[in-house]
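Before any comments, here is the structure.
Order of writing sets the labels: A, B, C, D, E and F. Residues in every chain begin at 1.
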Amino acid sequence: MSNLLNLGIPKGSLENATVDLFKKAGWQISISSRSYFPGVDDDELNCKLIRPQEMGKYVERGTIDAGIAGRDWVRENDSDVVEVCEMVYSKVSRRPARWVLVVTKDSPVQKPEDLHGATISTELVGFTKRYFAERNIPVNVEFSWGATEAKVVDGLCDAIVEVTETGSTIKANGLRIVCDLMESVPVLIANKAAWADPWKRQKIESIATLLKASLAAEGMVGLKMNAPNDKVEAITQILPSLNHPTVAHLYKSDWVSIESILHEKEVRRIVPELIRLGAQGIIEYSLNKVL
Amino acid sequence: MSNLLNLGIPKGSLENATVDLFKKAGWQISISSRSYFPGVDDDELNCKLIRPQEMGKYVERGTIDAGIAGRDWVRENDSDVVEVCEMVYSKVSRRPARWVLVVTKDSPVQKPEDLHGATISTELVGFTKRYFAERNIPVNVEFSWGATEAKVVDGLCDAIVEVTETGSTIKANGLRIVCDLMESVPVLIANKAAWADPWKRQKIESIATLLKASLAAEGMVGLKMNAPNDKVEAITQILPSLNHPTVAHLYKSDWVSIESILHEKEVRRIVPELIRLGAQGIIEYSLNKVL
Amino acid sequence: MSNLLNLGIPKGSLENATVDLFKKAGWQISISSRSYFPGVDDDELNCKLIRPQEMGKYVERGTIDAGIAGRDWVRENDSDVVEVCEMVYSKVSRRPARWVLVVTKDSPVQKPEDLHGATISTELVGFTKRYFAERNIPVNVEFSWGATEAKVVDGLCDAIVEVTETGSTIKANGLRIVCDLMESVPVLIANKAAWADPWKRQKIESIATLLKASLAAEGMVGLKMNAPNDKVEAITQILPSLNHPTVAHLYKSDWVSIESILHEKEVRRIVPELIRLGAQGIIEYSLNKVL
Amino acid sequence: MSNLLNLGIPKGSLENATVDLFKKAGWQISISSRSYFPGVDDDELNCKLIRPQEMGKYVERGTIDAGIAGRDWVRENDSDVVEVCEMVYSKVSRRPARWVLVVTKDSPVQKPEDLHGATISTELVGFTKRYFAERNIPVNVEFSWGATEAKVVDGLCDAIVEVTETGSTIKANGLRIVCDLMESVPVLIANKAAWADPWKRQKIESIATLLKASLAAEGMVGLKMNAPNDKVEAITQILPSLNHPTVAHLYKSDWVSIESILHEKEVRRIVPELIRLGAQGIIEYSLNKVL
Amino acid sequence: MSNLLNLGIPKGSLENATVDLFKKAGWQISISSRSYFPGVDDDELNCKLIRPQEMGKYVERGTIDAGIAGRDWVRENDSDVVEVCEMVYSKVSRRPARWVLVVTKDSPVQKPEDLHGATISTELVGFTKRYFAERNIPVNVEFSWGATEAKVVDGLCDAIVEVTETGSTIKANGLRIVCDLMESVPVLIANKAAWADPWKRQKIESIATLLKASLAAEGMVGLKMNAPNDKVEAITQILPSLNHPTVAHLYKSDWVSIESILHEKEVRRIVPELIRLGAQGIIEYSLNKVL
Amino acid sequence: MSNLLNLGIPKGSLENATVDLFKKAGWQISISSRSYFPGVDDDELNCKLIRPQEMGKYVERGTIDAGIAGRDWVRENDSDVVEVCEMVYSKVSRRPARWVLVVTKDSPVQKPEDLHGATISTELVGFTKRYFAERNIPVNVEFSWGATEAKVVDGLCDAIVEVTETGSTIKANGLRIVCDLMESVPVLIANKAAWADPWKRQKIESIATLLKASLAAEGMVGLKMNAPNDKVEAITQILPSLNHPTVAHLYKSDWVSIESILHEKEVRRIVPELIRLGAQGIIEYSLNKVL
């Protein structure tokens, strides 16, 4: 029981992306449809599948030591936990989730204040109540069991607070975004007592380091090329390396090999320049982790 | 706007069965994945897809005039509505849904009283709180966002209140049913003001009549046979007709045709007897509605 | 070769509905994914799968004697064939297909005349050219290989002529219908020489009769009920039978059995009246064919 | 335990068709993917899912009282059981399964005798050995674990004994059928001791009667029409009724209603004649059982 | 609007392979089923999904600046465009698409000349007409709306011009290839005016360079090994490097590390030799791009 | 025919994993659903798809020269072949397959000896018979055509010998493992005559080498980092390299680049130490082969 960390994996939309990320980071989590207990190949870890909506509660209470969930649900529950780090899962989406205030296209509502006395339907009841209370706007906030957009379309409520990324589904349904209320990214959270325990804190930080290294590697690549000795200076100057590039002499030749790590996005800009400067045999390879 | 009934169709597990039932009853409801508005081929009806959990609230409030939902959710919300009739959807299942109190197999809990001070996880928070309050058993009831069984397996709570039909999934997960708390079947509910309006009440009753006629027809069949004149008495005596069987003379013959409506289940018992009594040319056909 | 009718089955969107309809009419057509030759359980028929776009050409030419296709494509090809009958496949849709003239929502075009000199993209090039030529509106009509809507959205053309049923997809894509150009239903067409051949004409007419009987049965049901002798008059007066209802005396009773065929849609209106008039044991059953 | 019949349902290719057939016959068998025990709504029956290959063995041994399997496997195992009746499942296929002797297209083998000394691969080892032994043709018969056709294509054996319906897959793989060795249809078989037990025999016969009634109904329909009194004679003469047709007078009219049961295939031939003879309001309906 | 390149992505069979290739090359193109507008993470690009059949027309006209399509469709439309480069998508297939002249197996046709006066069905009407006109063979070429093979099987035409890779489907359908008419690979084409614009040409060339680098990397790998100093000469001589291999001294050792890029296919031949020559710790890794 | 190796690929559960493994090793095997003949891009290989159950027989007989199958089936058939090497496909599972002796949970059987005179059902008849014969325990072993677990649940036999990995399905079905009888991993086996032929043996060994190199690479990664000169000693001491790490000086800097190959599992332990020791710009990359 000593040296065992209870870790919450978010069930639902983040589930597969989280398992994939842990795999890149070096942990194999196996979730079986026939069992509630995810396996993990680390004797110091014990994983549980937990709804993001309940992650904050169980971490706060210490039922689990740490867990991953959207920041939206951590805030909804006003959970008293340590936020260890943000994790932008670029595989799922490029943009953070946005919780927006939405009305029908032809509604007279133009700003939150216009909802004075109105009924608002949302899955995020706690957050929405606090949002309007802080602005002294009296509203009636109702819990929505899903299909929230249909409620404002159908006239079952006056406005909704709903999550979106690009807003395109909202527009397609003939609705209008009044304003953004909160942006949310996945976060790794820890129980306060666990964070105070040296072994648990070190384990949580080690997990955080490797998860972030795997996320960082998603947009980076290694680039290697050969060049004549007299071009090295020019080439290394345009290489946006994390550190100095590695330069090695080619066997029995006046040429050198130059290697560097850079953002994948920069490759399409830099490669034509490298060729112009005399680089040859340029290759690009993928990275699993970048620390 | 006059002579228009707003009708709630339950979104989710009852959705397809409800649409099929209305089709048998004579209404074509078309639900498109690209639209929130179900169409219906009756100018006097306006359908809305509504979560069963919210049906009671919207019917009580009058946002819709009538709707179909499980009785469990109507009671959970303590909705002040008229229950028009029960509808046992035999196509979905032969048995009503049961909400049961569940613990792990090796838990010491043997009756509700043993849960004094315990934490119970359930989607049916209101009902569960009332159930234990009426019995003066202090418990902490928490809302579960799904995967409720996993919570008691994982030790995140002491017991759960969960829905089941046969209990087999519960047993397969190594859990034990302490006792049943409530049985639930789908019910047609109506808003009290709508029920007081003569046109709306007549419309709701007409829908109820045809839905029940379609449900009744599911287990009934028509049986028709030929028999010699002198066997009619014996044959008609064993036919468990809803009414008297229809007997008609065959063209230019001493034989008659006998027709009767009976439960499909009885056919396998009666047919061998009918053959023994001299019936011939026995045919069975299906029914759409039985009133 | 004598007494053999070559029949074209429309490949594509009408294919399954056509096979289902023939099955109801009494012919089993079996289409295998591993073979181009549909089988049929009638030695006098030889089926071929043919694109609706080409059906008219092959029927006109006599390669096949008869076939089913949308009237749109028969007109597009200006095929010189006999149109034997219309067939409204209610299973696929309640409404005929409409070919409509479509522009972007903010286009200045309000009527066909406004397209003077414009480029129109469509799969129905022949029909569209004739339509505009008859109105003396010079336009440039281009064949579209599919995804026609995208072309006007993308600005690759000024307008499109496209098929729709409800127009909802068109609106969802931010487009606007200027006007309807043609309505289309499936038709059974025959080659002129085949129609002049007595055996072939009789075979085609027999197929037409049974297909129409099956289509007619889709919206009709049989209704049977028991009633006391003195209610027969009142009940039969409200029954909208195709012919006189069948009335038979119940065995050893003052009651009669009344049976009638009516439109399924009328059942929901009539049943409450029948009950009020004293009918009992009302049952409804399905029909395969109505002639 | 008294008055309980153990019944084997064939697992695999006949499974769904068997369950559907029992449903039409009046028994609801429910097979769950999560359980080995099929449920059935008859307290006198206990169902077990058994591979057709093993059905004969378990029925012979009395482990189960009766079961359904292909006759091929009953013969393969030379099982000493009672064959109660054949059941031609027309829903699965129109034709019985054929076990054929197959070689490559260019093999010199033209008749079984040409396989003297050859190696034959098959799933039906017992039957094949007996077949060649009875004809005094020495061969080496090997059990094939599946993909039998590939073995003769690949030259892993000289010939195969394989099951087919139309032979089209065999031809498509470049193989040739030398001759047919056995035809097989599903049969209901019973244990000899169970057959000698009066209650069990009566139960098995009752099942057989209702299964056959359901199979018989698949190709039959009810036809009902109205006709003037003076046409009855002519119309009833062309109706190929199982028995005499039912004729009833229409209410307050000189017309009669004529009803008859006939093969669906005859409808397309007879209907045009009926119309010519003056029949009107012709309707066709489906049957569940015909005894 | 300046410095924006309109780029056509081929809708259909090449679509996914094209998006994957652009991803490897460094551009994320996102195609949504709910929108006609593919997104791309490059402000200088604007993508449109266009049918390969129409790509040539829109590039020629300048509606788009460049696009990817099969060379077959570019030639069918006789489009006046610049062909920038070929792209052999080895992921889709190893072989170029072949348009072949096909007849039934037992047709007397042995060469194109034998089709004098015949009817030929094809999707490639323009190309086929030109092909036969250039050889002075009068034929009737008809547009086929798909399922072209069925037409020659069914006798609806005398021959077809159809696309294939291996010809195996054609043989499986009992057809015979008379001769090949054209080979086709995907090509990147550019509008002539766009090609004359320095910025657009440089952008198109940059895309071409990176797409080709990604394609080239598909069959190449990096190979790295350690070897004693005195084996370097022998080892480097058998390494088929694109350039000189990279050789680096191992830390505090007489060994060196040797690294080289080679075709994946050569690895299985060279590795046993490398081991024989004394190489150790051989590792192989994948490449994203090779320039 | 000279210099051609006939190689058996296991059809079924190992099929995809085997094809994937050959792909990593450098051979592209293409299995088409429309053909029995897998293609392979090596003129010296001829692949055949063969059931694992029959692989031993065909390799022993020389029909094929070598093949991959589970060791269980090689032993079941007591095949006289050369076992070239084991191959642990970590992608399919981490654990070898276990054949276990299984009874119902409440059976009195506690050890194999308790099965004296019992009936045992299994797919592995030969092995099971030998196992019990060697221990002088008389049992009746029957071949099971699948669904073996259901047989012991249903009481059709006393025990089964069945394959499992974790035993969890067995427990979930209410069964109990008495003991393990055999562990099995995939093996590459060769025909004895082929193994004596120098060219064939060298080809088989070359395949074995590359397959093992690909399997070895699955759990290994390359790690590369930069460090100041004075930290090299400390860093290289904790790197568990297969050989010495490669160290290279960074261009115009006091820093060096250090590269090493290690087990992926060690990364999560070592990375925090490396950072503590002053390593920077740490990257991890994947390997295809490790020899």
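In this section, a residue touches a chain if its C-beta (ideal position, glycine included) is under 8 Å from a C-beta of that chain, and two chains touch if they have at least 3 such contacts.
If you want to know which protein each chain is, UniProt gives these names: A, B, C, D, E, F = ATP phosphoribosyltransferase.
What you are looking at is a predicted structure, and each value in this text was computed from that prediction instead of being measured.
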Third chains touching both subunit F (ATP phosphoribosyltransferase) and subunit B (ATP phosphoribosyltransferase): A, D
Where subunit E (ATP phosphoribosyltransferase) and subunit F (ATP phosphoribosyltransferase) overlap in contact partners, by chain label: A
Label of the chain whose CA centroid is most distant from the centroid of subunit E (ATP phosphoribosyltransferase): B
Contact-richer chain pair (by C-beta pairs counted) among C-E and A-E: A-E
Interface copy of A-F among C-E, A-B or E-F, judged by whether over half of the contact pairs recur: E-F
Whole-Å gap between the CA centroids of subunit D (ATP phosphoribosyltransferase) and subunit F (ATP phosphoribosyltransferase): 44
Centre-to-centre distance between subunit E (ATP phosphoribosyltransferase) and subunit B (ATP phosphoribosyltransferase) (centres being mean Cα positions), rounded to whole Å: 58
CA centroid of subunit A (ATP phosphoribosyltransferase) to CA centroid of subunit C (ATP phosphoribosyltransferase), Å: 52
Per-residue overlap in subunit E (ATP phosphoribosyltransferase), given as positions that touch at least 2 other chains: 172, 248, 285-286
Those chain pairs that satisfy the touch definition: A-B, A-E, A-F, B-C, B-D, C-D, C-E, D-F, E-F
Of subunit D (ATP phosphoribosyltransferase), residues touching subunit B (ATP phosphoribosyltransferase) in the complex: 25-27, 34-35, 41-42, 206, 209-210, 213, 217, 220, 222, 232, 236, 242-248, 258-259, 261, 285-291
Touching residues (chain side subunit F (ATP phosphoribosyltransferase), partner subunit A (ATP phosphoribosyltransferase)) in the complex: 168-169, 172, 221, 226, 248, 250-253, 255, 257, 264-265, 267-268, 271-272, 275, 280-286
Subunit C (ATP phosphoribosyltransferase)-facing residues of subunit E (ATP phosphoribosyltransferase), complex: 11, 36-37, 48-51, 53-54, 58, 63, 144-147, 149-150, 153-156, 173
